[in-house]
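Next come two complexes built around subunit A: one with subunit B, the other with subunit C.
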Partner chain A sequence: MVSTQLSILTISGSILIIATFSVVARRGFIDWLNAYRHQSIVLAGVTAIIGYITGIWEIYIAAALTLIVKSIIIPKVLTYVTRRLEIEFKIETNPYVSLRTSVIISALLVGLSYFLTQQIPFKSDPVVNVLLPVSMAQFFIGLFVLVNRRTVLSQVVGLLIIENGLFLFTMVLTHGVSLIIEVGIFVDILIGIVISSILLFRMGRTFDSLDVTNIENLRDD
Partner chain B sequence: MYSMVEILVGIIQGLVIILLSPLITGIMRKTKARTQKRMGASVLQPYYDILKLIKKDEVISDQSSWIFRICPWVNFVALATAAFFIPLFLMYSPFGLAGDLLLVIGLFALARFFTMLASLDVASSFGGLGSSREMMYSALLEPALFLTIFIVALTYGGTNLSTLVTAVSGATLLPHPQLIFAAIAMFVLVLGETGRLPFDNPSTHLELTMVHEAMILEYSGKSLALIEWSQAIKLLILLVLVVNIFVPWGISSSITIPALGIGFVSLFAKISILAIFIAYFESSIAKWRLFRIPDLVAVAIASSMIGIILYYIK
Partner chain C sequence: MDSIFANLTILLLFLTPVASTGLVTLFRKKRIIGIITICSASLILVQVFIIISRIISEKTITAFGNMFYLDSLSVIILLSISIVGFVSALYSKNYMGRQYDHGTVDDKHIVRYYQGFNVFLLTMLVIPTANSMGIMWVALEATTLVSVLLIMLYYKENAIEAAWKYLIIATVGLSFALIGTVFFYYANINAGSADDAMNWTSMVHNSKLFNPNLIKIAFIFILVGYGTKAGLAPMHTWLPDAHSEAPTPVSAVLSGVLLNCAFYVIIRFHIISSNAIGPEFSNQLLIIFAVISIGIAAASLYFQKDMKRMLAFSSVEHMGLISLGIGFGGLLGVYGALLQIINHAIAKPLMFFASGTISQKYETKAMSKIKGIIKVMPVTGVLFLIGGLALVGMPPFNIFLSEFFILSSGFQSGQFLATSLVILFLIVTFAVFLRHLIKMIFGNPVVPMKKDDMGKLAIIPMVILGALVLILGVFVPQQLQTLVQNAATIINHGGFA
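On to the complex of A and B.
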């Protein structure tokens, strides 16, 4: 493999980590969506490069689908659904762990994922060496965002980041599952986003807030 | 050993930093004014300010001690000394054998320490407030700064600025992803070290927002001119460090007039672009609350931590 391609993959991996961090380090929903959009564009680029390296044409279709679904449709849907919400619903003001601690924790999670992937012997394939830790870092940070935050919107974003990480994971390790499953997964995400947006819309109406601790109460008192 | 010509070029490099620094401050002020739809003063205004202040008489409180009087001189001498260690348009500085990046940071800390002492010395309430905030900032910024320096030093082998810049200009940025993270951290650190906007507003005298201005509130005349000038030198040194460590292309490797000319022009262009970018960035954000500043520093620390992880694991 050409070293330029590898360098470009390394740089894109760094950009993916930076985009994931900007979800952790910022408070506003629009900032998260922008970070997710940039991340998805870079992810589509990485997918296309993997397609070029392996020479499997189906990966190009997966890259195009990533570009269309994740960087255009999902942000559009989420912006459309949340356009009527009050601004205080869209800002994470009170996470369980404070912003600066969660940034440091996420850096440690990146370290953890690099450490874990060192334990798996994949020395032969440079693509795996470069991108597998990135995908695991995305997965861990998405999980951390999901656990740490209180509002539904940030949990949706955490879920989307986890999904991006999983997509990169499968793409790197197996060079993409067969196209029909890929398309199925994309439709799944889309339906998931639509359902969760209906849910959060109803939740905002019923409780006048998007705090998930509200739906932990069984009785309405 | 270095030849006489090289030493001469080294002296010229230091003098250029000292003489050019008010111009960069002027460019940043002009850019900020234009983004706010004002005409703004000429880019040469900082020179006029310094010349005017030098001519004026000085008022010194009779409650103050010798610390208050020597602080501007310590500031200026420390930062002017630091200027001579920086490779500007030549790849190395002949004085680089005497001091490296850590010494430059140490000289910054010396200047900062004396400013804090002097502001406490006159015992005005503003001075105490400013120096306690400045102390908090420097305590927060120091670990991030050293982590960032470690990334650069580990990647290129050594903290000596001359070997550093020589190694950088021979390499491309692509195989070193940790440098991207170092650059992000360094950008935050430059904003913090020079007191730019999310940390400190350099252009107001509002009691709630000022940090550096609160410390130098008691100064007038020549002392104020020296402090303003040394602040400008510090800004230029940090910008030169960013440019020469992360984007050193065009820097001259030999002492010939055309190579040095190209080096100087490209350096000036890169520094102006960086200064204008920082001024735009400042216009697009507001001053942050004092206790939100650790969030930003945490980003710098996390970024440099990832950089170090990438260095060791790749």
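On to the complex of A and C.
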């Protein structure tokens, strides 16, 4: 592989991680959405490069879908649904772990994903070496965001980051499973986001706040 | 010639719910769309019986190249989907009609309900028929989305909360499952498979060449991921909420079939993993999760105040038992587990239907306010009692048989610790569940009520299921026996029929 391609991939990998970190370090929903949008654009670029290296045309379709669905449609839908929500629903004021500690934990998670990917026996391939740890890091940080935050909106963002990590993981490791499955995954995500938006909308009307600790009527005690 | 027949069978199987969804959208009349759904569900049932007779004589069916692959194992799941789908469609008509009269839902909701119900059936039919593990994943994720839509049919706070929890937890769980699936795919590519590396048949074919370390990690991801959807503890937290807040016919499908569909995918991967690294690894994991599930279910059953939540926890227990049987392995254990899949799919919907009718009559789900069912609704009360006794594993009913097989295979395979722990938990479950049940069924109602069984259409599906519970308890039909035996051989002998 040409060294310029490799360095582009390395730089894109670091941008992906930086975008993930800005979700961890910021409090506002609009900031997260912007970070997610930038991350998705870079992700589409990375996918296109992988398509160029491997020469599989189906990957270009996946790249185009990423660009359209994740960097345009999903942010649009989420901004549209949340436009009427009160501002305090959109700001994470009181996460379980403070933002400063969250950044440190996320850094540790990045280290963990580099460690883990070295344990698993993969074929030595520059694309895998560069990007697989990045995808695992996205996955772990997404999980962390999901459990650490109190507002419902940040759970959606956590889910989106997890999903980006998964997409990169699949793309890097397998150069895309067959197109029909790829499209199926995209459709599932899109519908999932639409449904969660409908739910968010209804929650905004029925609940007093979108704090997950308030949404706990159903429990066994 | 033969493959044309197979293609046609599969195509018709999928077209039936699709056509029915279209017709429901077209007509939009409350009376007609209920009948359309019943017709399509009974058509699916007939088609599944035709497929079963083919499978018994030919062992496997492949269609559309290698896209669809059916063997005895997938047919068992198909059978449970079609039976529960049929009785739920039948029960829906009465139940949703009453909800409508009561004012809980309006015309728009009813149309949405039947559309969702048909699409839900379609997505579930894809899972056991698909050959590609990727398509199975997509279909399973689609079942989550459709069932979330069905749960949020009611605009209640609790329903929204349950739908949200279910959506988030199941999606995160399935993302683990996707990682596991990709690992298996990667192992298969490295073992030299080309185009069809995502297909189960290809994975089984190459499984001896897989990298053992990779498969171990992959199977853990699979078990945690699909285990979330199958309701194995400790990933079961969404289950009681979703199952208790959904409309009752949907609860029955969620509990009786959807859990089985998720577990079916685990069994598929279990077969591959057993081929690649020997059965010990996956067996141990399955047993551990099973014991935790049964234990947690036993403890949680004690504290339940809500009737449908109690049934949901009983589902966790029964999924644990199925997992236990597969984990113990051997012909007896696997046979018991597969029989348990069918038995649970019959007994649990019976209980949900009865509880749905009861809660409509008493206008509450709280067990403390429900007394004297047998005096108010004699038929429903008797059926509720039969279903309850079956669920705790009383001898003349069907679940006793499968539980007996599973537990004796535990002693046979020398898993004394796990088996005795499970027996202990089952005794607790038995006592607690029966106590709740007897308190509700006997005694006198808190406020005097008119004796009324809520209409024939509510009773008929329950009578069908109750009869099946009784019949399967005393004898298993020859065809079902062959089917379950063949499926057990598939699991025990590395995947080929």
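Just so we're on the same page, the second predicted complex is superposed on the first by the 217 of 221 C-alpha atoms of A that agree within 3 Å, B and C clash if a C-alpha of one lies under 4 Å from a C-alpha of the other, contacts with A are read in each partner's own complex, and residues count from 1 in each chain.
As a working rule, contacts are C-beta pairs under 8 Å (C-beta built on N, C-alpha and C of every residue); 3 or more make two chains touch, one makes a residue touch a chain.
Please read these numbers as outputs of a predicted model, since none were measured by experiment.
Asks: Sharing subunit A, do subunit B and subunit C clash or fit in the superposition?
Replies: fit
Asks: Of the two partner chains, subunit B (first) and subunit C (second), which one does A:I72 touch, if any: first, second, both, or neither?
Replies: neither
Asks: Between subunit B and subunit C, whom does A:F169 touch in the aligned arrangement: first, second, both, or neither?
Replies: Touch status of A:F169: second partner only.
Asks: Contacts for A:A64 in the overlay, against subunit B (first) and subunit C (second): which applies, first, second, both or neither?
Replies: neither
Asks: Examine A:A107 and indicate which partner it touches, taking first as subunit B and second as subunit C; both and neither are also allowed.
Replies: The answer is first: A:A107 touches subunit B but not subunit C.
Asks: Check the residue A:L99 against both partner chains and state whether it touches subunit B (first), subunit C (second), both, or neither.
Replies: The answer is first: A:L99 touches subunit B but not subunit C.
Asks: Between subunit B (first) and subunit C (second), which, if any, makes contact with A:G192: first, second, both or neither?
Replies: second
Asks: Counting residues of subunit A touched by each partner, does subunit B or subunit C come out ahead?
Replies: Larger number of subunit A residues touched: C.
Asks: Between subunit B (first) and subunit C (second), which does A:G184 come into contact with in this model arrangement: first, second, both, or neither?
Replies: Only subunit C is touched by A:G184; subunit B is not.
Asks: Tell me, in angstrom, the smallest C-alpha to C-alpha distance between subunit B and subunit C in the overlaid model?
Replies: In the combined three-chain model, subunit B comes within 21 Å of subunit C at the C-alpha level.
Asks: Note which residues of subunit B are touching subunit A in the complex, please.
Replies: Spelled out, the residues of subunit B in touch with subunit A are 174-175, 177, 180-181, 184, 294-295, 297-299, 301-303, 305-306, 309-310, 313-314.
Asks: Inside the complex, what are the residues of subunit A that reach subunit B?
Replies: 3-4, 7-8, 10-11, 13-15, 17-18, 21, 25, 99-101, 103-104, 106-108, 110-111, 114-115, 118, 133
Asks: Considering the complex alone, what residue numbers of subunit C touch subunit A?
Replies: Checking each residue of subunit C against subunit A gives 132, 134-135, 137-138, 141-142, 144-145, 148-149, 152, 155, 157-158, 160-165, 167-168, 171-172, 175, 178-179, 182, 185-186, 189-190, 198, 211, 213-214, 217, 240-241, 244-245, 300, 303-304, 309.
Asks: Provide the residue numbers of subunit A that touch subunit C in the complex, in ascending order.
Replies: 120-123, 139, 143, 146, 152, 155, 159, 162-163, 166, 169-170, 173-174, 177-178, 180-181, 184-185, 188, 191-192, 195-196, 198-199, 202-203, 206-207, 215-218, 220-221
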